[in-house]
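So, here's a batch of structures to check.
Okay, so chain A shows up in both of these, paired with chain B first and chain C after.
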Partner chain A sequence: MPRKISEFFQYLKYSAEEKSLNRSALITGDEKIASSIDKIIDQLKNNLGESSDLIIRSFKIESFDSNSVLVYMDGLVNKHSLEFSVLTPLMQHRKNCTTNNISRKLNIDFLINDVIHSLYCFQSSSMHTSIEHLLNGHAIVFIENTNKSIIIDSKGWETRNITEPATEAVVRGSREGFNENIQTNLTLIRRRLKTPKFKTEGIVLGTYSNTSVVICYIEGIADKRIIEEVKDRVKKIKIDAILESGYIEQFIDDHPLTPLPTVGYTEKPDALVGKLLEGRVGILCDGTPFVLTVPHLFVESIQTAEDYYVNPFYSSTLRIIRLFALLLTTSLPAFYVAVKTFHHEIIPFDLYMSIAAVREGIPMPSFMEALMMISIFELLKEAGLRMPRAIGQAVSIVGAVVLGQATVEAGIATPLMVIVISITAITGFIVPQLDIGILFLRVLLLLLANVVGFFGIALGVVLVFIHMCNLRSFGINYLYPVSPIVPADLKDTYFRFPFWKLLFDDTTISLRKND
Partner chain B sequence: MKNCLLIIFSVVLAVTLCGCWDNIEIDDVASVLAIGVDLADDDKMNFTIQIVVPRLLQQKGYEKNATITYSATGRTFQEALEKIQATSSREISVGHIQLVVLGCAFAKKGIFDIVDYAERSHEFRVQASVVVAKNITAKTILETSSILEIFPSVHIMKTIKNKSHIGMTRNVSFLDMINELNNEGRHLVLPTIESKVTNKPKYVKDLRINGFALFQNEKLICFVTDSNAIQGYLWVIDDIKDGILFVSSPDNPEEFISLDTLRSKTKTDVNLVDNEFVLSVKVREEGNISEQQSTSNFTTPDMITYLENAKSNSIKNKIKDIFVVSQKVYQLDIFGFGDIVSKKYPKKWKEIKSEWDEIFSNSPTQIEVYSKIRRSGQIQQPTQTQ
Partner chain C sequence: MKAKVQISTIQFSVLLMGFLLGSTMIIVPGSYAKQDAWIAYIIAWFGGILLFSAYVLLASRHPRKNLVQINRLLLGRGLGSFVSLLYIWYFIHLAALVLRNFGEYTLTINLDQTPLWFVIVCYVITVTYSVRSGLEVTARTAELIVPFIFLFQIVITLALIPHVDFSNFKPVMGDGITPILKASFSVLFFPFGETVVFLMIIPFLNQQKKLNKTYSLSFFLAGLLLLILIVKDIGVLGGYGLDRKMFPPHMSIKHISAINLDPLIGVIFFISGGTKICVCFIAASLGIAQLTESNDHRPFVLPLAIILVGLSIWVYESAPEMMHWAIEIWGYYSIPFQVIIPITLLIISYAKPVIQTRSTK
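Take a look at the complex of A and B:
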């Protein structure tokens, strides 16, 4: 059985490798650019077919008397700038030219240097390169009898505005969130890090999608070995398309089989910059507002960017509350079931009597009762998430009535169990990054508690801790700095010390400690 | 990978196959609230247990007591419990026991028969209060019903605690009882409960918690009902939490002044002087004036001194009373002076252990009481007609 499973994973690995195609092979005929305009158009149509968004605009550069075409993908370019900085100068060149006594011989360099006003343009003689840039939103000018093309950067398309991120709301702090445009996202980071030490490195991933991915870090703070490791892992990714940073996360994850996240994500530029300053490496991916951060440690689940914007007492208290919430949300149902089925003696007398009173006539064992309520809650949560917003209210009403009232009135669950599951659910929202891990742990502990009571809970917690001690995120222990214990770094884990105690040189997860 | 999976499999199998042997839902348990033990014929014991009826807990307004009592006779505790179990639909659990009532005849015969079971069982709640039934059987006590509380035994237990709080009796938990039984230098003292009415008591209010039962080792010897002696005992064992003392006014002996106690600390010690043990009791006590019947002002320094002296004399007399009872009448060391000797003079203790009670009853005592009056309440001078 174990061998079968490992073979299955091997199979998945190899089949993925086989499927990945060589990206350059997708563009056929890596020939030189033809000399006649008709041939050039044929070459383009060979590769792109009769694409409806491919726009070919023929014109004539009067001064050289040469036929030309401007090619671009509709919707990917800024038409306005293309008109005024490319088409207009090229077509009106005749008038300016007659006054100067310049030779009438066609010269691409002359056009780039003196005629075209675009911020960024260059020439190429390869059809392959031209098409690649065409698909990236560049405009291409082909001129008869030159065998060359001018590639002009005129990217311009609709993007979402910079809005407040939906997943990480803050009371105090920047309300800017990343959007789907990687350029905008880089700008948002740059605006907060005006230092030459901030480095970025671009990689293009995905055979079909050609998604831009940018690895960024602060030189001198981030550990060089981690940077190399990240680059190495990201470059090894072979996949047809990257639609979201989650794809990358699953490829570079140290432990793909654990429910605990070893790669972090954020939607807030200020949070990302904070993490970069702590020595982490960020991975931006075009098309998604979620930026990955590695290494990701367990303590980060209970930290928020806002912790650093408020008084340290306040943020330390909040962190303790989050830790307590984590404890409650994982173990409260298990604790309740264990107490109710094994350890009646530890319940205070009056509480015991009220439990006995409400428990009378409930048909299901406590374990089934808890499992049922947890399942109902998870279903409601999922339904609320997937529902079209207009009918979302119906779900919450049904949920409240079903969970809160009907189960109790029908005598299926006790009111106390409803309270327990409600507390579990509410506290579960406090540490959203661990969501699925928590659900697994909650059910595991519940199962163990039902079988052997407190002993089972202890066993489960020990197992989970052993598992967590075994996890690494890019070479860093998942429980760092608690295990292995690094007293200096404990200043910013479960408590946050004031800034004058957190010297920037050795704050937090200064990964340089590993040098 | 292979090892890891094997471990996971074995854990899963171990967890799921071993079953839920100790797993019991609350609605399958009959919770015992109180146990009463009486002596039956042929040296057997008659056990009465009071069990919660959870169904009755759901009633609005708690018209009836949510309890039921079962009785069974057996040579051992376990045997009787099993007999009761045979008639009960639910598993009997002693995890939430609140009260243990020992019948007078049973206590006279010796109480060891039930102590061992309770000590051995991991379920038995040793915080349960223990009380001795004086002129009625434990069964009758457990069959009374309560108007104030939904559980009669909780009513009794809370009454004992209240009375002990105001310094009228002592609350002894099962654990205290075991400790005192195990202590060589101390004899057990338990509170007693008796019937106020001549016919069978119907309600808990027909019962009275009053006085102490003195034990010699595990056997009941006698009852102490004198309230001064009772308070004296509580002063010596430092178990006074709150209490009222009355002293008469210096102007008119018919007018009284109530003085309450806020804090008190008693130190008991034994000193070997000229081969003779001297038992010393030092009480430090402070409190307030809580009530006065006369109209004179008691907040002057002279009057305060008078009150303090009167108060310490009153305490001293009470302590003397209980020493008379324990030393002269019954010759029992109920205070634990023997325990102090065993710690302070361990070698000597080994020699005199067997005749300690006799030595105790002939030892001189040294009683010192330091009283203080701290405040006079919200007023200094009482209201008076002009």
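Take a look at the complex of A and C:
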């Protein structure tokens, strides 16, 4: 039986590999560019079909009396600049303008050097390359009898403005957020890091999507082994399309089967630059405002970029509050159920009597009650996320009534349970990156607490600790620097020391000597 | 057995402290001496220092070698393997006893209707997960949770200060020195002498030079906490109370009137007992791996876990029998493992070069 299963997986693996091999040859052959304009147009149509957004504009370069054609994809180019820097100079170029010592023969180099005004252009003799660039938003000029093309950078398309990110709201700090354009995103980073040490490396991923992915880091701060590892893993990705950085995340994740994130993401340029300066590596992906950062450690879940902009006392307090919130949101329902079921004696007798009085007539055990309320809350949360904005109010009113008033009045849940679940829900929003992990842990602890009380909670917590000690993110222990303890790096974990106590060169990741 | 696995000095000392605190957090082995138990503790503490210096000496004479390798080197392959097997049995036995302690404690204190096997299996699952993940993960988990023992214990002790009655310490040595010595005998072998297990762990310490310092410091800290614990228990319960109660720390905490901190004791014991079982378990599985010359200890973990569950359920009939064994018989049972064999090994390791040089002359 195990052999059957392993054979099945082998089959899956191989068939996936074969598919990806077939896909890598989407554009057939490396055709040479034909000499006559008609043949060139045939070649283009062979490859691209009758695409409605393929624009072919024929014209004549009068000075050399040669037929030419300008090809571009509608919507991907900046038409204005194309008109003024390419078409106008080429068409208006007269023989008498040419200097005498240039031969009257058609010369592509001469056109590029002296005629076309565009910022960036080059020549190519391969149809394959030309079409690739065409699809990337470049304009191509084919000229009769040259067997060459001129590729002109004229990218220009509609993008979203730089707006305030929706996921990471701040009171203090930059309000700029990344958008879907990778060039804009790189600009946003570059503007904050005016140093030659900031390095970027581009990779194209996805056989169909050909998405540009950029790996960036600061040389001298980021560990070389981590950079190599990231490049290695990203280059190994074989997939048809990358639509969001989440695709990359799932491919390069050290532990795909854990609910805890071992790859971080951010939508804020200042947060990303902060992480780069700590020695992390960023992975930008075209088409998404979410930039990945690796390695991602547990402490980052309770850190925000804002922590560094405010007074250290303030930010240390906030971090402790976040940690406390994490504790509450995972263990409060379990704690309540354990006390209710096993450990009556640890709460004052009067409180216990009032709980017991309220619970009179409630049909379900407190475990079921807690589980029901947690489920209702998760359903409401999901509904609130998915529904159209316009009817949002209806759901929140119904939710408030159902969770708060009606369950109590109908005698399904106790008011105390409503309070417990509300606290659990509110504190759950304080550490949003661990969302799913928290939900798993909450239910696990609830289950264990219902079976063996506090012993169960201790058991669950220790199991999770062992699990977290097992995790690594790009070679760094997930719980670093708390376990293994690295006293020098503890200055910026659960407390944030003032800046003069933090050594910038020695922050978290780059200090791997002890690892 | 991978050469790469290494633990830092902090991790080592945390493991050692968790181990020493172990089940001593709820069972007071020196209770025989009643109000003089604290004197017995101090005597045993010094005795423990002697024993541990013997172990450290043995380890430092054979750097990067664990107990099984030392046995084979000094006693020859056959006898050495036999002695190593005995030690492996001893480690498994010790782990099973601690496991049973925990089960009995949980059942007696709050889960009186839960079957014993269920609690033990839950506990073993956690321990097995940790041991299967390797020494490094175990040590790092201990690093996270063992400091809580100190925190909780200090909180409990502070809360109990108003209830300490110093007349409970009188009369000092009222019954003469004999009961004290007898009690210190059992304290010496439980928990101080049990650190012989660490002969299997020492080779993984990354800074071997700091071994002595680390060992002494953690020995001192853990011993100090145990001393505070016993002084607190005597002060609150009195000598007879200490002797009569099955779990004295549990009884003394009941004196805090406003809030019941009892679950804290449970958590402390869960952590310390867990560390102790993990260390014994890892030592046993590493020992078997070394004996069978396998370079991975993990295949032996699951079978050992099953043996552990069975053994811990089977080994005692009842909780009083457990207390009787732990306090009175364990010491005699441990003498060969904790004193005789290590001292013999030490003597052989000094004598062997001398004999060899003579025979070559």
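A few remarks follow.
As a convention for this text, the second predicted complex is superposed on the first by the 479 of 515 C-alpha atoms of A that agree within 3 Å, B and C clash if a C-alpha of one lies under 4 Å from a C-alpha of the other, contacts with A are read in each partner's own complex, and residues count from 1 in each chain.
Here, contacts are C-beta pairs under 8 Å (C-beta built on N, C-alpha and C of every residue); 3 or more make two chains touch, one makes a residue touch a chain.
Values in this document were obtained by computation on a predicted structure and should not be read as measured data.
Of the two partner chains, chain B is the only one that A:S366 touches; chain C does not reach it.
Of the two partner chains placed by the overlay, chain B and chain C both lie in contact with A:E345.
Using the contact criterion defined above for the overlaid structures, shared-chain residue A:A357 touches chain B, although it does not reach chain C. Within the superposed three-chain model, A:V452 lies in touch with chain B and with chain C [touch as defined at top]. Once the two complexes are laid over each other on the shared chain, residue contacts for A:P484 go to chain C alone; chain B is not touched. Of the two partner chains placed by superposition, only chain C is touched by A:I466; chain B is not.
Of the residues of chain A, those at positions 342, 345, 452-453, 456, 463 touch chain B in one of the two structures and chain C in the other. Considering their complex, residues 1-3, 5-6, 340-342, 344-345, 349, 352-362, 365-366, 447-448, 450-453, 456, 463 of chain A touch chain B.
Those residues of chain C whose C-beta lies close enough to touch chain A in the complex are 8, 10-11, 106, 110-111, 114, 118-119, 122-123, 126, 129-130, 133, 137-138, 140-141, 143-145, 259-263, 266-267, 270-271, 274. Within the complex formed with chain A, the chain B residues making contact are 1-2, 5-6, 11, 15-16, 18-20, 22-27, 29, 31, 52, 54-55, 57-58, 93, 95-96, 98, 123, 125, 151, 154. Those residues of chain A whose C-beta lies close enough to touch chain C in the complex are 342-343, 345-346, 348, 452-456, 458-459, 462-463, 465-467, 469-470, 477, 479, 482-485, 514.
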